[in-house]
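Each structure below appears as structure tokens.
The same chain A turns up in both complexes below, where it pairs with chain B and then with chain C.
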Partner chain A sequence: MNVHADLTPDHKVIAEKRGALVEFGGVTKTYGPVTALRPTSLRIEAGEFFAIIGPSGSGKSTLLGITAGFIVPSAGMIRIDGADIVAVPPYSRNFGMVFQNYALFPHMTVAENIGFPLRMRGVAKAEKAERVARALAMVRLEGLGDRRPSELSGGQQQRVALARAAVYDPLLLLMDEPLGALDKNLREEMQEEIKKFQKALGVTVIYVTHDQQEAAAMADRLAIMRNGRLEQIGSPRELYERPQNVFVAGFLGEASILPVTKTSPLAGGFAVAELAGGGNVEAVASTGVGEALCIRPECIVVGPDAEQTDNVFAAQVEEAVYANGSVRYRLRLDGSGHVVNARFSTRPDLVLMQPGQRTKVGWARRDGLLIEGRPET
Partner chain B sequence: MTDPRLWRILSYGILAFAVLVLIYLVLPTLVIVPLSFSSETFLSFPPPGFSLQWYDAFAQSLDYRIAILNSVKIGLPAALFATVFGTLAALALVRGHLPGRRLLSALMIAPLILPQIVLAIGLFPIMVKLGIIGSYAGILLGHTVLAMPLVFITVAAALKSYAPTYELAAMTLGANRWNTFRFVTLPMIKPGVIVGFIFAFAFSFDELILAIFLTNPATRTVPRLLWEHLNYQMTPVIAAATVVLLVITLSMLAIAAVYARTGARKPSGAAS
Partner chain C sequence: MSLAMPERRLEKLSPSAARHRPWSPERGHALLLLPPLLLLVAFFVIPLADVVLQSFAGPGHPLTQYERIFTQSSTLQVLLYTFQTAATVTLCTLVLSYPVAFVVSRAKGNLLHLSLALILIPFWTSTVIRTYAWIVILQRRGVLNEMMLDWGWIERPLKLMSNGVGMQIAMIHIMLPFMVIPLLNTMRGIDGNLLRAAAVLGANPLRQFLSVYLPLSLPGVSAGSILVFISSLGFYITPALLGGQKTMVAVLIEQQASRLLDWPMASALATVLLVVTCLLFLLYERAMRFARGGKTVGEVS
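Entry: the complex of A and B
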């Protein structure tokens, strides 16, 4: 919290590197027959903002709980800056954690809540008051120290939770859907604030969320989780543009995922694939032999321009949805009957197509990815 | 059936019935009040005249003074023990991960459901053997066992009213198990603990059957003394003593009700 204020010279070195390096090695959690977390290995760099997204029950909270120390892993190790901490109790780990419902103590005032971790660390009264005041200023809640949590708005409670988790300068901040209870506008505002906050502290953050846009906007890297497994790890752009399998491709954005039956390699990392139901496409053979073709909606060209692309199909518009300067089409390909989604920005003079209208769709071969897994439906 | 008049009549009928039940529940208890102000020397209803002589007699009676002292001497520590053990049991069974928690919870409240006479008959020979029959320790043990479920129920309800996230949060913030209990769990369940303590004390203060079996004339409690007096001297001093007992118990229950109310205020964002 007080990184830049009153640091003595020796502290400056530490202040350069405030975050912890976190390494998971084969961390596993089973509850009887239920596997909540499959063996997971992962390295999170010091000062990194790492997000985890995935459907409900995929094991996100389990991974976070194991890191915080209140879930004991069935196997594996966690190293913080090289030291194994699996045997360290949660209260000695010195991490900050923000819970979805904030878990602010209702019987304490805001200042007492923020002062609680300092009190547990035996910080002297005067220093405690000063650090609490600074923490309140940092989250822009000056003057609200004497309120009860129940007298604050959702966004204010969120800020208190953040201040409380950061007031003792933890090396690692864990957040389990910290913005899940807020409405959309407030959520976006808080995303920016948390990001600024993290940059100022230099702290390593592991951030769990349901919201893929939130994860992409905030994280340096993110992991997509399913059934207790990390499906893919990478920067938001990598995951979006180079998904390795159907699940990842379908989870981020609204990709068109088409089943393919046969692929044969071409030169330059490309391949020819036969769509189930007929038709050939050329695409990037990204992960070797794939059973599905993934195309991002903004890569699909609709209308006469489609004739110039590598893969051209006749199609019929099924649905056209306009929202804030962009339009989204659902198109059904003739012959194979597959559905593709296209999206592009509109200008005021552009005439939109109507459902039922016939048109051409196409995409460049570098924009089609052959990926692993079988598409649903 | 959809006739609103019919519904109105029906709802008045239900209200009247509820009032009758309440009167039936409370009135016999309150009959004792006019009796205690009787000018007559034996219990008769309705009392022929008004006098405070029986309250005076009650206040003068050494027997009653000793019995009240005994009741307090037994009730306070019994309530205290019941509160400590009942709270610990509730913590273990609500927050812990013991196998067979349901069965253990059922066992915890068994003393409340089983006839007290069964427990009394069971305890009697054991206490004789241990040589603590008639002593404070004996009745204290008995009352602690019987009062524990009351605390267990109120504290378990308090623990179930909020998600354990608060305790997890406290731990990540640096509170060890004891500090987590002291600064987070205990303040959160405080109304339940206090109400449990009051229930436990009120229970011990009113309890007769174990007192008959396990106390002797030196350690006898107010209910036992009343019972003995009923057997051979039917003077309104019994009524006066009963009214005093009633007032004490009712005021404790009133305090408990007030605490239960303040505890019912839900903490913000309780369960997830």
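Entry: the complex of A and C
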């Protein structure tokens, strides 16, 4: 505990096992004429697993770098449990961080790597050894303490990085694409492990990734970034089911996004919209005036059942792709010529449609969302 | 996920592409090595063997020359002075080169090209010319002394030529690129994230340097140091022109061979220099292999 106080003279840390409340107030970063991060305000609750996703150059790494202290913001403040830390150098912030390529020190053994933050804090030898051993056990790497990082597999290195970032009980754990270098199976395994780890420690996590599936699987809430600004913040389900604009809808999972021209409101939060190229649809007027219609693929009904839905179109199958118990159809609507994608699970007795086949397509009006932005064509 | 896939695939491809080079000496092309090999044997290996053999010739028992070297205080002093000079030059070169290499290793674009050019242009200039330039600067009524006299910094011209100081300055100058380039090579390979990681983990800039950067730059330090040290041991032109009263071993060899015509002694001295150099290099290789856990150093020469 004294150790923490020594390291962070600017703000006293209550060293119990719980996460920090993180608040960003108007945090901005500009490099000359280039804006890397527009004024960003955000509140991350104590103990929350918060993911930031976005394409490269969206500003997510800038935001993380500012939080860690590598990048000095041009304006704004960051508060940890109420105390502004912008002026605190990274080595006094007492955060944990896991890097994309782990950034393990190649000239140190695994135990020395994990013990490094304790050494920097002047922890006595015996206590250090004990805490390193406990951290090794926590990530199931007992007995590997004397190895060099280069002798470990990618997944093991990842776990060492995790142990090193958590061995000094930080209140905030920053993760910069920590699973980016692992293959798919290992990645899913590690997702679960990191999640368990975070629950056990109660630490607040800010997790940056460009993998939307990973973020949705792990995070309590996520923020989607583009061009240096936050597009939308919410739970994974909120963002998937209620995207506010075309970018969010397209970034998170699959969606059919069709351009609409005129909308007129109906009762109960619905609206009727005219599809560009002809045809009317009824949909949820979620953000007021929308220029695009978004439908998730699992909401689209194909075949005779489509007749029962609110928006029915005749269509032609353009493509049918089967993968592991589900089928995806690409369908072109008659008249307007727009393409919609449908996906549903199959059973062994189900006969799949073939490209060129004619069918009916439809969806319920509560499943169509009128959102902001123009669809890319 | 889909965004990063192509990049990662490229990264994976390139090392294997390098491994499947179309040309390799193992595939029956070994004959191509023959001409340089013949040249080396005829003009290097045979003469060298001759030198070693000559060192055992001459009057008295075969080891007479070696006995002379290690019993005469004058030759022992020359050897000692040579090692001292080489050590001083190596240390000074390292101290001067480390910050330069650090800054250049962080540079990008035009600044990087410019600084590399500034390091390499002197490297391509003849040692003789650079040594003469130093004579012009350092001699009794040279540029440096004249300037300091004019500014009133000194009353009388400083002696820089006869006491070995000028020689060491010139040698340091000539050796700088040999130190900077291996250092640069190693430093450019140090992942910047490691320093960031050290910072987040609680290391202040000094401790980041001492516990992470310095140990990781040691291969470059030792490669550059051994290169400079060995080159300095055998340095001839600069000590011959700038050395003053004290001589380096290479100058002594030349005196023995061409002025005193004592070929056995010259050969023995040359053999001692050669053996010491080889021993140092072996020691260095051992140390590097130990430090790297069995892998060889490579890349630097």
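In the analysis below, the second predicted complex is superposed on the first by the 360 of 377 C-alpha atoms of A that agree within 3 Å, B and C clash if a C-alpha of one lies under 4 Å from a C-alpha of the other, contacts with A are read in each partner's own complex, and residues count from 1 in each chain.
Definition applied: a residue touches a chain if its C-beta (ideal position, glycine included) is under 8 Å from a C-beta of that chain, and two chains touch if they have at least 3 such contacts.
All values reported here derive from a predicted model rather than from experimental measurement.
Student: Are chain B and chain C a fit on chain A, or do they clash, once the structures share the same frame?
Tutor: Aligned on chain A, chain C clashes with chain B.
Student: Figure out whether A:Q354 sits in contact with chain B (first) or chain C (second), or with both, or with neither.
Tutor: neither
Student: With the two complexes superposed on chain A, say which partner A:N324 touches: chain B (first), chain C (second), both, or neither.
Tutor: Touch partners of A:N324: none, neither chain B nor chain C.
Student: Considering only touches as defined above, state whether A:G69 meets chain B (first), chain C (second), both or neither.
Tutor: A:G69: touches chain B and chain C.
Student: A:P149 in the overlay: touching chain B, chain C, both, or neither? Say first, second, both or neither.
Tutor: After superposition on chain A, A:P149 lies in contact with chain B alone.
Student: Quick one: classify A:N185 as touching chain B (first), chain C (second), both or neither.
Tutor: In the superposition, A:N185 contacts neither chain B nor chain C.
Student: According to the stated criteria, A:Y91 is in contact with first (chain B), second (chain C), both, or neither; which is it?
Tutor: both
Student: Look at A:F105 in the shared chain and tell me whether it touches chain B only, chain C only, both, or neither; answer first, second, both or neither.
Tutor: Touch status of A:F105: both partners.
Student: So which positions on chain A get touched by both chain B and chain C?
Tutor: Dual-contact residues (chain A): 68-70, 89-97, 99-101, 103-107, 116-117, 120-121, 164-165, 168, 174.
Student: Given the complex with chain A, which residues does chain C contribute to the contact?
Tutor: Counting only chain C, the residues touching chain A are 1, 3-4, 191, 193-194, 196-204, 207-208, 211-212, 215-216, 293.
Student: Applying the document's contact rule, which stretches of chain A touch chain C when the two form their complex?
Tutor: 7, 55-56, 68-70, 89-97, 99-101, 103-107, 116-117, 119-121, 148, 164-165, 168, 174, 180, 210-214
Student: Quick check: in the complex, which residue numbers of chain A touch chain B?
Tutor: Going by the criterion above, the answer is residues 68-70, 89-97, 99-107, 116-117, 120-121, 149-150, 157, 164-165, 168, 174, 181.
Student: Note which residues of chain B are touching chain A in the complex, please.
Tutor: Those in contact with chain A are residues 163, 165-166, 168-176, 179-180, 183-184, 187-188, 267-270, 272.
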